[in-house]
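Take a look at the structure set out below.
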């Protein structure tokens, strides 16, 4: 089973951290070195990957057009799905990045007694959207541990997220959503025959790291309680590059921290780079104005063609016989002949 | 390529957002480095449970108290060291020890960036507050 | 009619896709390019071989050639590098490919078609692939992998339907194009692409029609149009100083039912008095180079601007063709422009400035005609198309690489009275490919073509059953060449026509004689239903009765 290796890897990480956290040297390694290293790898790696894409030219303007072009003034163009201006392409990208426009189109092809039936299928879209948005909310919410004083908007967001005030401490909506979405996405990868077939072992790694991070975070909040003030002091120490010798960091916190660090460090080496890549996709981020405005290919080079002169030379007799006009001077004498 | 400035701008924005803790910390270095000082009660040295437990789990203790007091009518709490307390934070905790909730409860909640306790949405503590201040 | 229709069964894929063994079976592949064509074009490794041979006679350093070729392209095409790296294998594309739906072969899922190359990319170009190997989905480049590439990159019609649904816009057409370019480097290409390309390079058109034969065939078409309308319809060829150079796919003057579309063009141009010329040198708008490499695309496309410059025309009008318009719209200006020797196109009849074509200076005939109709410049009698219940097949390239959706519909709705759309998930940007594009429309590949065309045919069947549709209109030469076979197999009784054929039927021309037949030479005055019966019988291959013959 393809999911086994990544699952064992994540479990091994957890076991290792839970044990190493007891030794003082282990604690320094896990609580200080690992997060710094992971953050550095993430930031440098991410920028490197994007810069490497940026260095490769886009020789042709190849947007995938998903609606009516802008042509004649009386035909209404689909300015979002087939933008003809940079601003339109910007809005198309915004829709793509914020609302997963393309995934929203998804449908499912099914054969029903020799008939092809295309049914709506928005679950993937919903699962993906739920996962990504709740992840964003959770990441932002974690800023409360890194910022002092805590900005008002952050407190506001926290209040909204915990609005239902279920359980003590309050259960965050985003936590429920991300966990459900991750479980759905994992189950889909395992259960859907097509998706299972195309999945690589490494596809499960990201999922398990995310599931582990979310689960350890929830356990920390509800089961193995931790001293939030101590964690905030520790986090602030990291942020100002003056790490404070942590006062009793619970193993569950170290596990959470390590899983998140592992995810961050793995990020630039993985498909998770789709986060940066989606912005650069030439089928989406370019305006469909090819005939309106010439696109320049920086490496456009001369090629061997068959020129008119060569062509006429080859077919001159036939052109003359057919009384078709010709260019070359010597042809005139042949006509006289 | 014409889109490189855009990519660089986007990347810069991204790095700026991701490193929020760092530049925010640098701008508010004093606040970030300052330890959280909570004024401890003068009269009592020991809370109803060990300090480490109170730091991580006071909300669960309070909820437990409420459930037992309101639903089961059990109003006495026997602490780990054998002392007995009334399960009535307004009259015990907030009157005997933590007389200024702004300085105790809210200060810590603000630091940790969690919502203020919602006890006083229902409970009236104006008499305690005035006694405490006098 | 075959004994039994192809079995199209859904099945759940089993096993590991990285096992690269491919079984080459006749009917599901295209034959190798003949050495003479590669030699003529100066492409590497010309030799006699076939895909079902055990030994493909690859050049000794083939592996290094492929890896060097990949490296070069990774530095030249951002699309290629990006699409190698950001796929998350969400599977949204899986059931969007007509070849996957029709064949059930899991490697026809767009994601896996791309993974065939990504696995090699990871092994040789990424850290995770080198370190983690197969856990990260990396695999060695072997001769079996090359065979697999050949099989599946020539089992993709570059239709871009998957790209519409991909959350990152990953376009399998880009990957297939790269795959075919790489295979070109070691001489693994197909004759159905290379022979037209070689012909086109030499004579100016895919079919290898030489100038005198071009002239004959166009004059014949002119005569036929004259006969139908009773008007003297001239066909100007290689005329310098004309306002417009008209370029069409060569099938329009050599294939059926393309030919009726050509009659439609000629009648339209005569009626509006367009000052235009055809060219024997630029006698092909299509470009099979697109199905081979970017370089060959540019080599074949160069003649269009060269000829427009030589003939001193003001702008270019392009006929009904799918991939021709992919090239005209997305590549021509970049590759062979700027077209500064031309003028921004203006319709001489309506005065409309085609702002959307002001740089490339090439206008699609549907844009041109829709503008004429909108401005009331054409007299139309749509009842002449009453014998057709029409539906419209959006060709892949004009819909997903251009967005030409409403123009042909505006024409169709003006020239015929019975027009019905197919279900919305099968038209416009979600249109299904004919299954024979990108150079795969050869008869040795018939089984795969019929499988790939199944989703399209299925949608036609739906409107045939619901509305009695008997004509599938389209604006692509490959469609016109291959859809008739597809219809005959899956939906007997549906014929295929170009939009301008229907326009030609409906066009009321100044001074024309009463139309007795449509452009196909079929009687217009008879009982329409009767005519339909007849066509059905013809298609079924049933003998005509005396009564039928009398009617004919």
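In order of appearance the chains are A, B and C, and numbering begins at 1 in each one.
In this text, contacts are C-beta pairs under 8 Å (C-beta built on N, C-alpha and C of every residue); 3 or more make two chains touch, one makes a residue touch a chain.
Here the structure is a predicted model, which means the values were calculated and not measured.
> Would you identify the chain whose Cα-based centre sits farthest away from the centre of chain C?
B
> Looking at mean CA positions, which chain is nearest the middle of everything shown?
Of the chains present, the most centrally placed is A.
> Per the centroid of Cα atoms for each chain, what is the distance between chain A and chain B, given in Å?
Measuring from centre to centre gives 37 Å for this pair.
> What is the distance, in whole Å, between the centres of chain B and chain C, each centre taken as the mean of its C-alpha atoms?
Between these chains, centre-to-centre, one finds 69 Å.
> Averaging only over C-alpha atoms, locate the centres of chain A and chain C and give their separation in whole Å.
That gives a centre separation of 33 Å.
> Quick check on chain A: which residues sit in contact with 2+ other chains?
Expected reply: 53, 57-58, 280.
> So which bits of chain C are touching at least two other chains?
Residues of chain C touching two or more partner chains: there are none.
> For chain B, give me the residues that contact two or more of the other chains.
In chain B, no residue touches at least two other chains, as defined above.
> Which of the residues in chain A end up touching chain B in this complex?
These residues of chain A touch chain B: 42-43, 46-47, 50-51, 53-54, 57-58, 143-150, 154-155, 158-159, 162, 165, 168-170, 225-230, 232-233, 235-242, 248, 276, 279-280, 285, 298.
> Write out the stretch or stretches of chain B touching chain A in their complex.
1, 3-4, 7-8, 10-11, 14-15, 18-22, 24-26, 28-29, 31-36, 52, 55-57, 59-60, 63, 108, 110-115, 118
> Taking the touch rule as given, give the residues of chain C at its contact with chain A in the complex, in rising order.
So the residues of chain C touching chain A come out as 5, 8-10, 12-14, 17, 42, 74-79, 81-82, 85-92, 94-96, 101, 106, 109, 111-112, 115, 126-128, 132, 134-137, 160, 163-171, 174, 201-204, 210-212, 215-216, 237-240, 280-281, 294-295, 298-299, 302-303, 306-307, 310, 328-331, 333-335, 337-338, 352, 354-362, 367, 370-371, 374, 399-407, 410, 423, 425-426, 428-430, 454-455, 458-459.
> So in the complex, which bits of chain A are touching chain C?
Those residues of chain A that touch chain C are 5, 49, 52-53, 56-72, 74-78, 81-82, 84, 96, 100, 102-103, 105-111, 114-116, 118, 124, 128, 192-195, 197-203, 269-271, 273-274, 277-278, 280-284, 288-297, 299-300, 303-308, 311-312, 314-315, 318-319, 321-322, 324-325, 327.
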